[in-house]
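Shared between the two complexes below is chain A, which pairs with chain B and chain C, respectively.
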Partner chain A sequence: MLIMGLMALAIARIRDLFAVSMLSGIFSLTGAAAYVVLDAVDVAFTEAAVGAGISTVLMLGTLALTTRKEKLGGGRTKSTAAFLIVAAAGAVLIYGTFDMPRYGDRIAPIHHHVVPRYIEKSGEEVGLPNIVTSVLASYRGYDTLGETFVIFTAATGVLAILGRARRRREDEEADETGGGKESAS
Partner chain B sequence: MQGIVDAFKPLHDLWLAFEAFMVGPGSPGLFGYWMVIALMMTGFYVVIAHDNLVKKIVGLNVFQVSVFLFYILMAKITGGTAPILAEGIKVYSNPLPHVLILTAIVVGVATTALGLALVVRIRNAYDTIEDDEIQAVEEEEDR
Partner chain C sequence: MMHRKVVLRVVSKFLIPPILLFALYVQFHGDFGPGGGFQAGVIFGSGFILYAILFGVDTVKKVLPPWATRLMLVAGVLTYGLTGVAGLILGGNYLDYNVLAHDPVHGQHYGILIVELGVGTTVAAAMITIFNVFAGQPGGD
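Coming up: the complex of A and B.
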C-alpha cells in the first residue's frame, strides 16, 4: 500500500500523460495485489483485468485522439488552495477513523448482519463453493442486472458521442476539399 | 560490508519502530484506513488542482480505487481466508463488500469510458483539453 501511495504521488506530479496512464495501470495492478492479500480474490481478478487492462487501453486510445502533454503552469494560488482544502478534508476523515473498528476485528458490526447466513447457507441454497459468486448472481441478482444496464448505457453513450464527432469531422473534411476545388478552379 | 549494514542500522530500527506502531499489537490498527485516506486525498487533489481533463479522470480513478480498498479493508478478518467454501475452514472474510466492489469496479470503468469519450469530443470541439483554455474560448465566444 505504501507503493500505491508513491504511485499516486507520481501520478499527481508527472505531466507526460502517457507516463501517467501507464502508472495508473501499474497502480491498479498493485491494488489487485493488495486485494489478494486482503482475501478478496474475485475483486483482484476483476481489478487486474478491468482496472489495469481495459482502463489503460481506453486511456491510451484517448491520448491517441488528443494530446500527450499536459500544459505547464496552473496558478500557484490555485494549487495552494487545493492543497489546503485537501489537507482539511483528510484531517476530518482521519478524525473519523478513530471510531472505526480495528483492522481484522471479527466482532465488527459489518460482519454480523446477513453475512453469517450467506456463509452458512449459500453452499446448500445455491450450490456453489464461491460465496462471492452466489451472492453476486443469486442473492443480489437484480443488482447485477442493474449493473449490466449501466454498462449498456455507458457503451451507448460512448458510441453516440464518438460517432457524432467522427461524422462531423468527415463533413468538415468534405467542406475543405470542396473549398480547395473551388479555389483551384 | 558490515560497516554499511551498521550505518543503516538506526534507519532500520526507526522503520521497525514505525512498523510496530502502525501494524503491531497494541497499535490503533487503523494504518490501512489512513493509507486509504492519503490515496483518496491525492486523487481529490489531482481532480481539483489540475486543468487537464485526462489528468482529472486519472485522479478520479485513484479516488475510486481508494474507496474500493476501504471496503475491502473492512471486509478482512484476521485469520480468515478468501470466502470460498472448503473443508476444515471456519473463518471466512466477509464476502458482501467483495460483491459490492466487484459491481463498483465494472461501473467505474463504464463511467471512465464515458468520461474519456467526452474528453475526445471536447477536444474535437475546442481543440484543447485544458479546463482554463476551454473557459477562455467560451468567454471569447460570448463576447
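Coming up: the complex of A and C.
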C-alpha cells in the first residue's frame, strides 16, 4: 500500500510520460500483489496481465504516436482547485469505507446472500473445484457474456476510429506511388 | 523496428512458445486453478504483441492476418452467445448448461469450457487487434 501511494505521487509529479507509464505498470503489479495477499488470485492474475502488461504496452504505443513530454498548461489556481475537488471526493470515499464491515467479518452482508449457496452447492451443481470459475461462467453467465461484448465493442471501436483512417492513408499512398510509376513509365 | 537487438530477439524467440503454451494451460485449467478465458486471452495476445514489438507489426500480420483476428473477435462472442442458444434449443433457459449433456454436472462442465473458450478467443483477438491498430499508425515507430 505504501509503495502504491508512493507510485501515485510519483506519477502525479513526473513530467516524463515514458517514466509515468512504467510507474503505472509497477503500480498495477503492486496492486496484483495486494490481491494475492487478500487471497483473490484470479483478480490478481487479471490485474498483473492487463494492468501491468497490456495497458503499459498500449500506453507506450500511444507515446510512440504522440510525444514523450507532458505539456505544462493551466495556472496554479487551476491545479489548486483540482486538488481541492480531488481531496474532497477522496475524503467522502474514505468516509464511506467506515461503514463497511471489517475484512473477513463473518456477519458481513456479502457473506449471507448467495455466497453460502455457491460455496456449499457449486461442487454438486457445477462440479468444478474453482468456485470463481463456476460463479463467473455459470451462475453469472449473463455478466460474463456482457463483459465479452464490452471487449468486443472496444476492439470494434478502435478499429472503426483508427483502422479506417489508416486504410484511407494507405490507399492514398498507393494511389500516389501508382501514379508516379505510371508517369515514370 | 529493433532489427539489431540480437539478445532481445533470441530471448523472445525462447519466450514466446512457453507464453502461448501457458495461455492454453490457463485457458483449460481455469476450471481447477486460478485463471480462465479472460486471463488466457490476455496472455495469448501478449505473446503476439511481444512478437510485434520486436519484429514489427507487418511480420505479425503475415502470421496472423487482420481478417483472422477479426474473425476470431466475432467467433468468440458468437461461441458464447450460441452456447446460450443451444441451451434454449435443448429445452433449458438461455445460458443454462444443465441440458447440454445427459448429466447436469457434465453439461455445466461442457458449457463452462466452451464459454471460456469463447471469452478467450475474443479477448486475445481484441488485444492483438488493438495493439496492431495502435502500433501500425503511420506516425508510429
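To be clear about the criterion, the second predicted complex is superposed on the first by the 165 of 185 C-alpha atoms of A that agree within 3 Å, B and C clash if a C-alpha of one lies under 4 Å from a C-alpha of the other, contacts with A are read in each partner's own complex, and residues count from 1 in each chain.
We adopt the following convention: a residue touches a chain if its C-beta (ideal position, glycine included) is under 8 Å from a C-beta of that chain, and two chains touch if they have at least 3 such contacts.
For clarity, every value in this text was computed on a predicted model and none was experimentally measured.
Enquirer: In the superposed arrangement, which partner chain does A:Gly90 touch: chain B (first), chain C (second), both, or neither?
Expert: A:Gly90 contacts chain B only, not chain C.
Enquirer: After superposition on the shared chain, which partner residues are touched by A:Ile54: those of chain B (first), chain C (second), both, or neither?
Expert: both
Enquirer: Thinking of the overlay built on chain A, is A:Ser138 touched by chain B (first), by chain C (second), by both, or by neither?
Expert: Touch status of A:Ser138: second partner only.
Enquirer: Does the superposition put A:Val41 against chain B (first), chain C (second), both, or neither?
Expert: Both partners, chain B and chain C.
Enquirer: Now for A:Ala154: first (chain B), second (chain C), both, or neither, which partner does it touch?
Expert: In the superposition, A:Ala154 touches chain B and chain C alike.
Enquirer: Given the touch rule stated above, what does A:Met22 touch, chain B (first), chain C (second), both, or neither?
Expert: Neither partner.
Enquirer: Looking at the overlay, what does A:Leu162 touch: chain B (first), chain C (second), both, or neither?
Expert: In the superposed model, A:Leu162 contacts both chain B and chain C.
Enquirer: Considering only touches as defined above, state whether A:Ala33 meets chain B (first), chain C (second), both or neither.
Expert: After superposition on chain A, A:Ala33 lies in contact with neither partner.
Enquirer: Which partner reaches more residues of chain A, chain B or chain C?
Expert: Larger number of chain A residues touched: B.
Enquirer: Between chain B and chain C, which residues of chain A are contacted by each of them?
Expert: Looking at chain A, the two contact sets intersect at 41-42, 46, 50, 54, 58, 61-62, 65, 129-130, 132, 136, 144, 147, 151, 154-155, 158, 162, 169.
Enquirer: Quick one: which bits of chain C touch chain A in the complex? Just the residue numbers, please.
Expert: 26, 30-39, 42-43, 45-46, 49, 53, 70, 73-74, 76-77, 80-81, 84, 95, 97, 104-106, 108-109, 111-112, 115-116, 118-119, 122-123, 125-127, 129-131, 133-141
Enquirer: Touching chain C in the complex: which residues of chain A?
Expert: Touch residues, chain A against chain C: 41-42, 44-46, 49-50, 53-54, 57-58, 61-62, 64-65, 124-130, 132-134, 136-138, 141-142, 144-145, 147-149, 151-152, 154-156, 158-159, 162-163, 166, 169.
Enquirer: Can you check the complex and tell me which residues of chain A touch chain B?
Expert: Counting only chain A, the residues touching chain B are 1-2, 4-5, 8-9, 11-12, 17, 20-21, 24, 27-28, 31, 34-35, 38-43, 46-47, 50-51, 54-55, 58-59, 61-63, 65-67, 70-71, 74, 78-79, 82-83, 85-87, 89-90, 93-94, 97-98, 100-106, 108, 110-111, 114-115, 118-119, 122-123, 129-132, 135-136, 140, 143-144, 147, 150-151, 153-155, 157-158, 161-162, 164-165, 168-169.
Enquirer: Within the complex, which stretch of chain B touches chain A?
Expert: Result: residues 28-35, 37-46, 48-52, 54-55, 58-59, 61-62, 65, 68-69, 72-86, 91-99, 101-103, 105-114, 116-121, 123-124, 129-130, 132-133 of chain B touch chain A.
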